[in-house]
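Shared between the two complexes below is chain A, which pairs with chain B and chain C, respectively.
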Partner chain A sequence: MSSLGTKRLGKELAKVSKSLPPGITLVKADDLQEWLLDIQVLDQNPIYAGETYRLKFRFGKQYPIEPPEVVFTKQENRPIPMHPHIYSNGIICLDLLGSSGWSPVQNVESVCMSIQSMLTGNTKNHRPEGDADFVSTNKARPKDIEFYYHDNEV
Partner chain B sequence: MTAASPPTIAAIPAVDLRALEYESNVDENLICPICRVALIAPVITNCDHVFCQKCLVQAHALNPVCPVDRQPLLKLSSETRPAPKVVTNQLDNLTVRCPNRPRGCDLVVARSLVENHVSRYCDKTLVPCPHPSCDKTIARKDVAKGCLHYEVDCEFCEQPVQKADLETHQGMECQNRKTNCELCGYEFVRSKQEEHTKECPEVEVTCKFAPFGCNHKMSRRHLEEHCARCEYRVVGPVGEQLAELRAEMTALKEKDRLKDRRIKFLENRGYSAPAASENISNMNLPAQETAPYESRDQYFLSLFETMESKVERLSSALTEVEGRHSMMLFNETMPIKDQLTEIRSTLGVLGMHVRWLMNFRLQERGRVLGGGGGANSPSLPGTSQESSSDSNLPRRLSDNMREHPPRL
Partner chain C sequence: MARDTVKAGLLKADGNKRFQNGDFVGAESLYSKAIIADDTNPALYTNRAMARLKLSLWDSVIADCQSCLKLNDESMKAHYYLAQAYLELRAFDDAVTHASRAREICAHTNDKSLAQVTTLALRCKKDRWEDSEKRRKRAHKELEEDVLGMMRREKADSTDAVADEGDRRQVAEEWDAKMAQLARVFEAARTDEDKRREVPEWAVDDITFAFMVDPVITVSGQSYERASIMEHLRRQPTDPLTRDPLKPSDLRPNLALRKACEEFLDQNGWAVDW
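And now, the complex of A and B:
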């Protein structure tokens, strides 16, 4: 990783281990390549009430110029949240995480908060269209997938 | 190789401004939103956002928009300009630590001057070794001493060390070098640090009555003095006795438990095999021999208990079924009984009718047979006896009916 990325991630780590917004907790950040964070939806949205989800961040060499790879990972007690923009393999369709929507001003904390609010505002308890097809055929890395950001309602 | 040109300055790597450590916290407004350190060579966009020039170029290559508000930035050269002087002046005045701090330079200097300090004046800066065939680096202060890149033995630990590193080795690393305790000033060999900490009179220790509640802390020097007047010194011996008693109690409890087990075993034994009373001596057998017996007896006992509870459950189920059946029977017979009484009453009515008809008929016949022997003759018993001699008469039937009324 470039000195820019190392230095910045180090700073982010120091800040993130000290304090995080409510509902977001740091689980593991042993190195500057992969971090795990737990995320909860705090209001009483019935789709997500009482659940905790695990986000996996992977930082490439070009971070923060290029976006990190952010996916939900499935584990015991850590399901993949139901959302019309989240595939059942954990891949998140969010313009913020794509090369065109990303901005180097974003950071781990702001990404977590965006995902948290994306879940909070959701009322549709289903997967994206063609979820089964996508999950079985997709081999590309999340950030290389060209999503078509067709609806902005949720 | 020309000796005239000073090669040192040109060969010194430039100071990485991003790696600098700032002496105090930097104002949030002076931090680049991309690299999150104090701005370096700041540029400002037409939408009034400030970035390090390098950061913005990198971000722009990927996505030609302003990273903060996503306004399109088609050409950096025309849509950005250097940040105002007031910003650069503030940045220049930030104080930083000399990057040679790990090698011993404690200088704190304005950021605008640090590069100059490192490249020209700091004697801890690493410069290429003056020896023509040596490609190593050396601190500037040692440049005049010639090439120091050969090994010598440290006089304290007898390990081979590069001459150039000897000073730092002896000052910071060498385990056999004597050093003074920071607290008491006592001189000891560095490798004995731990042992000294255990006896250093200045090290902070806790009161020896700490287990009983004293949380006073003092240097070891004052420990004796404190213990002599510690409020917990009275509690101390009592506490020790308490601990002793507690230990004794647990031992007794354990003993009691064993006894309990033995008693239970004996009881079970007497119950299952009363004849084997002479085997009481077996009781003194080692535990591992008696244990299986005990467990078997217990097993049978528990088996018996489960059977008992099963039987109990069965009998209660049986009474329930019985009750249900009698209820059902009762419900079934009730309407039958009703119907029977109804039928009985209809029969009685019918019988009455038949009797009346029979009487009527007898009267008729009596009148016919008597040939006008008086209107009251049919009711006389004589007449009825006469008529009864005639066997073909249906009267007999009604007599029968009268003698044996149908029993219902």
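And now, the complex of A and C:
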């Protein structure tokens, strides 16, 4: 990683280790390549009530000029949240995380908050169209996928 | 004046190959032969300076860079290598001057080394600050010891002047109390200095979270370090906050903020590593 990214992530780590917004907790950040965070939806949205979801951040050499790779990872007690923009393999279709929607003033905390609010506002209890197909055939890295934003009302 | 550009070019290419393979002695000698063939090409001097930097021949680096600057005083590399050599020689003012000059040339020519050169400019400032801090602290410590020494002598003189044993003990205790008080005053001054270590938000670049050296302002009114925003604009010509189109030519130096950052850094060199 460039010195630019190391310095910036070191400072982000210092900050998120001290405080994070409600519903977001740091699980693991042993190095400056991969971090795990848990998020919860705090209002009473029935789709997500009582659940905790795990996000995995991976930072490339060019972070924060390039976006981090952010996916949900599934494990015991940590399902993949149901959402028309979240595939069942954990890949999130969010313009902020794509190469063209990313901005270097975004950070780990702001990304978590965006994902949290994307869940909070959702009322549709289903996967994206073509989920099974996408999950079985996709080989690309999340940020290189050209998502077709077929459902902009979500 | 020698000017066999073809021969010099071949020698330089050979030198570059040696340099890339880590043979800095071989590279240095080939660059020297190239300079004998053509002593009018500024790039040959900076190439040799680069090899001599690797060989820790600081004085020779300086001589080469100066020869280069005589031929081309806008050579970014000459200023950049000069700054590194001066930094090694602990000539901090010269190091800061040349690193700043290299950085200005980079910013002006849209050179991709801008981030790297900015880092060196900050390092030079920090090392200069640390050096002056060290001297200041030493002077502070010396002053404390001098004053305490004077008080000890004074204590000895005044206790000697008192005949009565009880009075003498009382005079000695008064002096001890004064000296302890003075040591506390010096100590309090020291811890106070260490406490004042907070970087103001306005001095921090929102992209790298580093201290700003050359802040530039966008149309939306937000300032960024020039090197970071240029890096972003190379990838995507938009304002990071508003996502409106943004071109490098839309950026303006934020002179007042730059001055404020410079002044803060002069007093707080530690902020470089914050």
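By definition in this document, the second predicted complex is superposed on the first by the 153 of 154 C-alpha atoms of A that agree within 3 Å, B and C clash if a C-alpha of one lies under 4 Å from a C-alpha of the other, contacts with A are read in each partner's own complex, and residues count from 1 in each chain.
To be clear about the criterion, contacts are C-beta pairs under 8 Å (C-beta built on N, C-alpha and C of every residue); 3 or more make two chains touch, one makes a residue touch a chain.
Not measured: the values here are computed from a predicted model.
Trainee: When the two structures are superposed on chain A, do chain B and chain C clash or fit side by side?
Mentor: Superposition check on chain A flags a clash between chain B and chain C.
Trainee: With both complexes overlaid on chain A, does A:65 touch chain B (first), chain C (second), both or neither?
Mentor: So A:65 meets both chain B and chain C here.
Trainee: Does chain B (first) or chain C (second) touch A:103, or do both, or does neither?
Mentor: So A:103 meets both chain B and chain C here.
Trainee: Looking at A:78, would you say it contacts chain B, chain C, both, or neither? Reply first, second, both or neither.
Mentor: In the superposition, A:78 touches no partner, neither chain B nor chain C.
Trainee: Would you sort A:8 into first (chain B), second (chain C), both or neither based on which partner it touches?
Mentor: In the superposed model, A:8 contacts both chain B and chain C.
Trainee: Looking at chain A, which of its residues have contacts with both chain B and chain C?
Mentor: 3-4, 7-8, 11-12, 64-66, 99-100, 103-105
Trainee: Quick check on the complex: what are the chain B residues that touch chain A?
Mentor: Checking each residue of chain B against chain A gives 16, 18-19, 33-37, 54-55, 58-59, 61-63, 65, 67-68, 70.
Trainee: Could you please specify the touching residues of chain A with respect to chain C in the complex?
Mentor: For this pair, the touching residues of chain A are 3-4, 7-8, 11-12, 64-66, 99-100, 103-105.
Trainee: Which residues of chain C touch chain A in the complex?
Mentor: Result: residues 115, 119, 206-210, 228, 231-232, 235-236, 238, 240-241, 243 of chain C touch chain A.
Trainee: Mind listing the chain A positions that touch chain B in their complex?
Mentor: Going through chain A, the ones touching chain B are 3-4, 7-8, 11-12, 62, 64-66, 99-100, 102-105, 107.
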